[in-house]
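Chain naming follows the written order as A, B, C, D and E, and within any one chain the residues start at number 1.
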Amino acid sequence: MEPILKVQDLHTEITTNYGTFEAVSGVSFELGKGETLGLVGESGCGKSLTSLSITGLLGPKVRVAAGEAIFEGRDIFKLSPKEMRQLRGGKISMIFQEPMTALNPLFTVGNQMVEMMLPHMKITKKEALKRSVELLTDMGIERPEQVVKSYPFELSGGMLQRVMIAMSLSCNPKILIADEPTTALDVTIQAQILKLMNELKHKYDTSIILITHNLGVVAQICDRVAVMYFGRIMETAPVKRLFEQPLHPYTKGLFLCIPKLDQDEDFLSTIPGMVPALTEKTEGCAFAPRCPRCTDRCRREEPELVEVEEGHFCRCWGVLEDKA
Amino acid sequence: MSEQKNIGIDRPSFLQRLVKQKMALVGGIVILLWLLVGLVSFFYTPYGPNEVNMAEKLLAPGAGHLMGTDNFGRDILSRMMCGARISLLLGFVAVCISLCIGIPLGAFSGYYEGKAGNLIMRVMDSLQAFPMLILVMSISVALGRNSFSAMLAVGIAGIPNFARLMYAQTLSVKQSAFIEGEHAIGLPRRDILVRHILPNCITPILVRLSLSLGSAILTVSSLSFLGIGVQPPTPEWGYMISDARGYILTGEWWMIFFPGLAIASLVLSFNLFGDGLRDALDYRTQ
Amino acid sequence: MSRLLEVKNLSKFYTSKQGFFGAKSETVKAVNQISFHVDEQETLGIVGESGCGKSTTGRAVLRLHEPTEGEILYRGKDICKLSLEEMKPYRQKMQIVFQNANSALDPRWTVEQSLAEPIRLHYPQISQKELDERIDRLMEEVGFAPMYKKKYPHEFSGGQRQRIGIAKAISVSPEFVVCDEPVSALDVSVQAQVLNLMKKLQRERKLSYMFISHDLSVIRFISDRVGVMYAGRLVEVAETKEFFENALHPYSRVLMAAVPKPVVMDDKDELYRGIGKIAKASREGCPFCSRCAQATERCRGEMPEQREVTEGHFVSCHLYE
Amino acid sequence: NNPNATTAATTAAGESGTAQEGGETQAAADNTANAGGKVLTLAYAEGGKTLNPTQGTDSTSAEFINAAYDQLVTYGTKKNDQGYEMADTSDIQPSLAKSWEASDDGLTYVIHLDENAKFANGDPVTADAVIYSFNRIKDSNYTGFLYSLANIDTMEKTDDLTVTLKLSKPCTIFFNLLQMHIFSIVNPNQLEGMSEEEIDTFLTTTTVGSGAFDIEKWDATTEVILNARPDYWKGKVDLDKVIVKIIPEPSNRVLLADKGDVDIARVIPPKDLSKLEGNTDLDIRVYESVSIVYLSLNTQKAPLDNVKVRQALNYAVPYDVIVNDVMSGKAKKLDYVIPSAMPGHITDTTGAYTEDLDKAKALLAEAGYADGFDMKLVISTGNQDYEDTAILVQAELAKIGVNLSIEKMERAQYLEATRSHNFDMAISSYSSFVNDPGYFFGNCLYSQGEYNYGSYKSDEVDAIWDKAESSNNLEERYELYTEAQKIVAEDAPWVPLYEKANIYVLNKNVKSFMYYPDGAVRFAQISK
Amino acid sequence: MKYIVKRILQMIPSVLLVLLITFTLSRIVPGDPARMMAGEQAPEEAVERIREEMGLNDPIPKQFVDYVGDVLHGDLGTAWHTGKPVTYDFAMRFPASLELALCALLLAVLIGIPVGIYAASKKDSAADHVSRVVTLLGTSVPVFWLGFMLIYLLYAKYDLIPAPIGRISDNIYPPTQITGLYLLDSLLTGDMIAFKSALSHILLPAICLSFGSLAVISRMTRSNMIEVLNLDYIRTARSKGIKERQVVGKHGLRNILVPVMTVIGAQLGGLIGNAVVVETIFNWPGVGSYITQSILQTDYAPVQAFTVVSVLIYMAINLILDILYAVVDPRITYN
């Protein structure tokens, strides 16, 4: 399958008054057509920055230092601001975590949806509005004509997230990047959104990058998963394989941390230690200090992301040795 | 975003951050300089600030008198030096008055929120509805024309500023979980106010303090300019400008130029400093 | 096990005053007529969706927010009627841990100062040396070397801060701790550490918890009994095992169905069959009737009583009469 | 532009905007106001307090009242030393009164009104109007005291155009009073049916006189506009319009005069005159006046109750510096208390105080104050010169060990302080309403005098005043006052500083400007 | 509508309070107003009679009640230094002050907001720093000094502007009165001569007056804009691929409008205060110079009246702003 997006060795740097450090170091992945890629990892591991790098929405003090992202045969990072704008929203669209704050409170939902379509489609305002209503209907929203006229504060979080999804799909994007789209929502609403996204995936035939830290969500919706830690991808595998046979010690640790719904436990197993601060210099494997099976080599040398099995990549000396 | 993501452990100290604010640094240095000049003026000025010497009146800046002399032959540099201590003192006392009355009022009404607090804030609102300068002029004329009443007037007019700031701060700090925690522990309300809420409101108050000092100095000098502030022949800057305005036409620009520059530089410094202080104290701008 | 806390018909209404004369006011019934109890050394888990009144219940129980009506019996004594002074010994026995670890500690105080304050308040006679020892012990108990006590809250990570918050809550040796979503803001790996710590402390110090969360798996791990809240009402209370195997209230079932399980299913269209539609809570009758697939006319008109269906399993639903 | 109106003064309360309406019709045709007419523009420091003749006691109000009203008599002209025309206070000329007869005992005056005299609305000026007007003055809170000075006992209408005035005792300054703006004749017909109170309010902003001008706009803080009446009974004056701009900021008045933006500027700081003197377009007139400035010493308060101390102070003031530097030489040292423009002035200056610090120190030592003392000097707001003077005095007195602290007060507060004798030392000024030494002494230095701030009490001076005031002989009176002045100099209740000059900065295009001792400009006489 | 009525009712206690404050101030002023009214040389009996007439001998509470009664009847007293009812004086001068204040405010808004936005969108650039220092200067330079310097340079030295007196040159008729604002009236009547003259007269005082407000407005715009530009919905807007100008101009601007409007409203107080100084320096025939004179001559009726009126204006503006907030921000409703 030909990947639609190919990210190679992405490095993203943050400059603060007190120095520059890398928040994303050497992230590479491929996104297949129609595929849903889950990007999981703990808070601060660089998931959002990775996605923002791809869409060129990094803040003023953050920049892509190296790497390339090939989309439709061109490197996104080399596009002019104007070309980038055409891409954004048009071919690559985004959904953010907090639907309540992601929409401008002072404009109607319709206004903000129309605004999205106008620069990317040959369409009049009126048609765009009509399309908005259609899209909202697709999202399972009742009385969309009314919703189009309402302001964000008049709608519930679940509704707004649907609006956001409708909006992001409005220009038939090739790629949809959803940054924790359900984290701020109640479980029941989250379930509905996930259901909706599962349905839409096929209907709109978009590739999705889903960012989350909830492994349950990943299991429900993704085709492939990439596990991030400390600005690096530690393991990538098809979802089923990862859940059945995680290789990387960090991934394994993560799974064990989650309390089970269907059995009593007296103690949860934990990953000892803490995530190092980004400003700290690490040598060797970033996970080494917390790894139960860490060796001298782990502390010295950083492992590469290696394909251990068909479609299953892992960044761990131990795993490599096991395979060897 | 959680604090925890902040690059954290080796976060630079407040002082380091303040020093990073170059403009604030400049402001702070100029303030210190003026303070120093004011202090020095107690012991040394090139000439007596009120020393009349008609033989040397209206001399342009030159070797003998670096900033020239005024219509009484008084040395402008010497007067400016004394003016620094007067302006700083008047401004400082005025702001202290606002602060000492405004902060307790604001904290009380913000924390206890009851009828009394509500009434206090209404009074503050009404006071704030007055055009500042008019209020100050009225009060200081009513209290008699001298530097003390000018100071008091500026101080009184500044109370609502601090009261309202403190009120808003108290309300917002009161929402913090840790205050609720103190309640849960059973810490008496007064202790919570004094030990937890007040210290956590310090930051914006410091900023406001710096800015208020600037504007208090400006207001006092405006009063003196209008002839309400200080008694002659006090070398207050605004009064010096007022005195000098008749001489600008005859070309004696130095009489009006230097005091104006002094006011502007001192007030600007306080503003710069306050601004920098705000930036240095504000985590968001990191 | 003996009763530690018994809450009867607790309500908390918020009235938002509008206008100077307070002419217009709107009442939010954040907590409406709920009754439950907590036994010694027991954890009562409270789940429910955002805004259903979980935190309000927690605060009302501690009288941090004065309840509108109802009784709160702590070891049989109604604390609602106590004066501030009389309340003081209870403040020592009942503590709270907050969700937002960032704002739960005074940012200007070192950890030591924050920990010392409640101890001094409740043990005024304590000597400096004893105090130091006590703080050191506390720090160790929550997994820190004592030297960390000199640090300020912002020098800790979120999980660490939460542990210090817990240390502060237990510093005065309470019997009962309200935990208001103490792990919701934490990553799973950190969450596991904190949950383990809380369980350990409960065992060692014989604590009772009222543990609020919206995460069923966390509730399952920590609770002995589970209460489900919906729109200010407590709709179901049961032993944990009983609840997870045999939830009765339609809302409880919806909740269960909605939790994304970390298990990969092949047929994704099958997902979340049981959730049904989502609507605002009904203002009349049973609040859940607007979403309930089994709702009848009666549900729409009449709020069901809480009744004990099997031993220790309470539910408020007309289906179980 | 509105000849039929009884008065074009637009300032009746509540009717705003008439001024603009006036301009409207002309603006439509051509927006250059000056087209054709002769306009005189003046820059004043303030714009007067009222247009009501019985209430306006200040000199700016007097100008506008004079412009809109006529009095019974007026002054003739003479040329002063510099060749400028000025009013001759001894030459009483007819105005509304065509002629008059005085009885020999000086107790009865029969006044014949001019039959041509008409009020602005066309009504004739009659004996009734005169009696009505005089009665209003008598009853006025503000100016009643001037009426009483005239000693008028009864007024009688002999016929429509003749009034007989009977005096209770002779009055040497009778006509000097009658020519004052206070004694303006108002048209009673226009005030009919109004209560006293209403009349006062009405007259504050509206004029009902027979004068040469209509007041189109009177706004005391911005501008006053006067239009010459074409049907003025003495014949229309040369000017068409007078605009008085109220410019409180002195330096701005100087600027305007310098640039030729105004024709006449008043109250110019003396120091700025040197700059204006270089401007050949300007004609700077400096007239001596009856305004004096002096230091009042509170003779009841130690140490000023000691005559030696007071004399010492008289020796310690830098007269020349004040006159030359503060007043830029545009004032004259006041040697004895009576100024040079007033009868009774002593021209021989020998024996008057001059600065002599050694003498001052010696006197202080004699008085037991060799080390000096501390004292407050009170000054009032509103005049920079007083402040400057105070600073100089302060600096100089410091040399004999007297430490002055200056206390500047609001005018009202200052008046209260001085009138209640609650001060040590004050810079006072006095401008005699009536140019007569008896009036002056009676007010300022007589022990019961209204303005005897320093509570000076000398039995000799009191006796002289009593004697002089009962005398009808001018020569004798002047001699007596010369004697009194010497006594005052010896007792030193004041430190006389200087007599102010009246300064007018005229543009050369202003012609036939005439000076009156009261300082008020009479617009009617000016041509351009 | 009901809301407005309610708000106005709410103002009553505040206004009473303001009346009390001004009244108190006027009573503790040293000096005797009757004496000033009577004239300096009036005899004591005359002053006493005037005192009686003015009610100055009544007990203080009665005086206050009388005063409030008068104010309610629209009688703000009489200014002895102009001899006219204060209401009349105000009516005469108000258009001039309004024109000046509006021009200054307009300048401040039209320059301040764009500068603030520009500085925010180019945060930490050289332009940002320059604008920051300049705007700080605006709040630091004493306006009276600035005024004199400008007059000296532009009028006295280089003769670029007409004499700093009044609103229009003497030799030009003011435009037909419609609104009382010369600039507007002359435009409406097409009287270009008057317009030019009026413009050249108002320019300098307006610049002086606006300087301080301009600074505050642009600073507030900048800091609010920076804050808003960091918000999630701005990122959303950017993610839509719309132009940056649109992001800032539409999403950003609309969201800073409420705080910026508040600042503009609050500036009015400062503007009125500074107007007192500016009008005095430029001989602007407005309320401000009138009040300065009143204060300096201890003529308290106008000062009292002015304070009350400006407080009312301030409150009215706040009310209008509150209503405007609801227009700008749909989340704000009043019912």
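Please note the rule applied: contacts are C-beta pairs under 8 Å (C-beta built on N, C-alpha and C of every residue); 3 or more make two chains touch, one makes a residue touch a chain.
Model, not experiment: these values are computed from the prediction.
> Return the chains shared as contacts by chain A and chain B, ordered by label.
Common contact partners of chain A and chain B, which must touch each of the two, are C, E.
> What are the two chains with the top count of C-beta contact pairs?
Top of the contact-pair ranking: D-E.
> Please work out the Cα centroid separation of chain C and chain E, and write it as a whole number of Å.
Inter-chain centre distance comes to 54 Å.
> Mind checking the centre-to-centre distance between chain A and chain C? Centres are C-alpha means, answer in whole Å.
32
> Let me have the rounded angstrom distance from the C-alpha centre of chain D over to the C-alpha centre of chain E, please.
Measuring from centre to centre gives 38 Å for this pair.
> Please compute the C-alpha centroid of chain C, do the same for chain D, then give the distance between them in whole Å.
88
> Could you pull out the residues of chain C that touch at least 2 other chains?
Residues 157, 159 of chain C each touch two or more of the other chains.
> What are the residue numbers in chain A that touch two or more other chains?
43
> Could you list the positions in chain E whose residues touch two or more of the other chains?
In chain E, the residues touching two or more other chains are 29-30, 156, 230, 280, 296, 298.
> Please name which positions on chain B make contact with chain E in the complex.
So the residues of chain B in touch with chain E come to 23, 122-123, 125-135, 137-139, 141-144, 214-215, 218, 221-222, 225-228, 238, 241-242, 245, 248-249, 253, 256, 259-260, 263-264, 267-268, 271-272, 275, 284.
> Touching residues of chain E toward chain D in the complex: what are they?
29-33, 35-36, 38-44, 46-47, 49-50, 80-85, 87-89, 91-93, 151, 155-156, 163-166, 170-177, 180, 191, 193-194, 280-281, 283, 285, 289-290, 293, 296-298
> Would you tell me which residues of chain C are touching chain A in their complex?
Answer in residue numbers: 49-50, 157, 159-160, 187-193, 195-196, 199, 214, 216-218, 220-221, 240-241, 244, 254-255, 257-265, 268-269, 271-272, 275, 278.
> Report the residues of chain E in contact with chain B in the complex, numbered from low to high.
13-14, 17-18, 21-22, 25-26, 28-30, 129, 132-133, 136-137, 139-145, 148-149, 152, 156, 227, 230, 269-270, 272-274, 276-277, 280, 291-292, 295-296, 298, 303, 306-307, 310-311, 314-315
> Would you tell me which residues of chain A are touching chain E in their complex?
Result: residues 55, 57, 59-60, 85-90, 93-94, 96, 98, 101-107, 115-116, 118-120, 151, 153, 164, 167 of chain A touch chain E.
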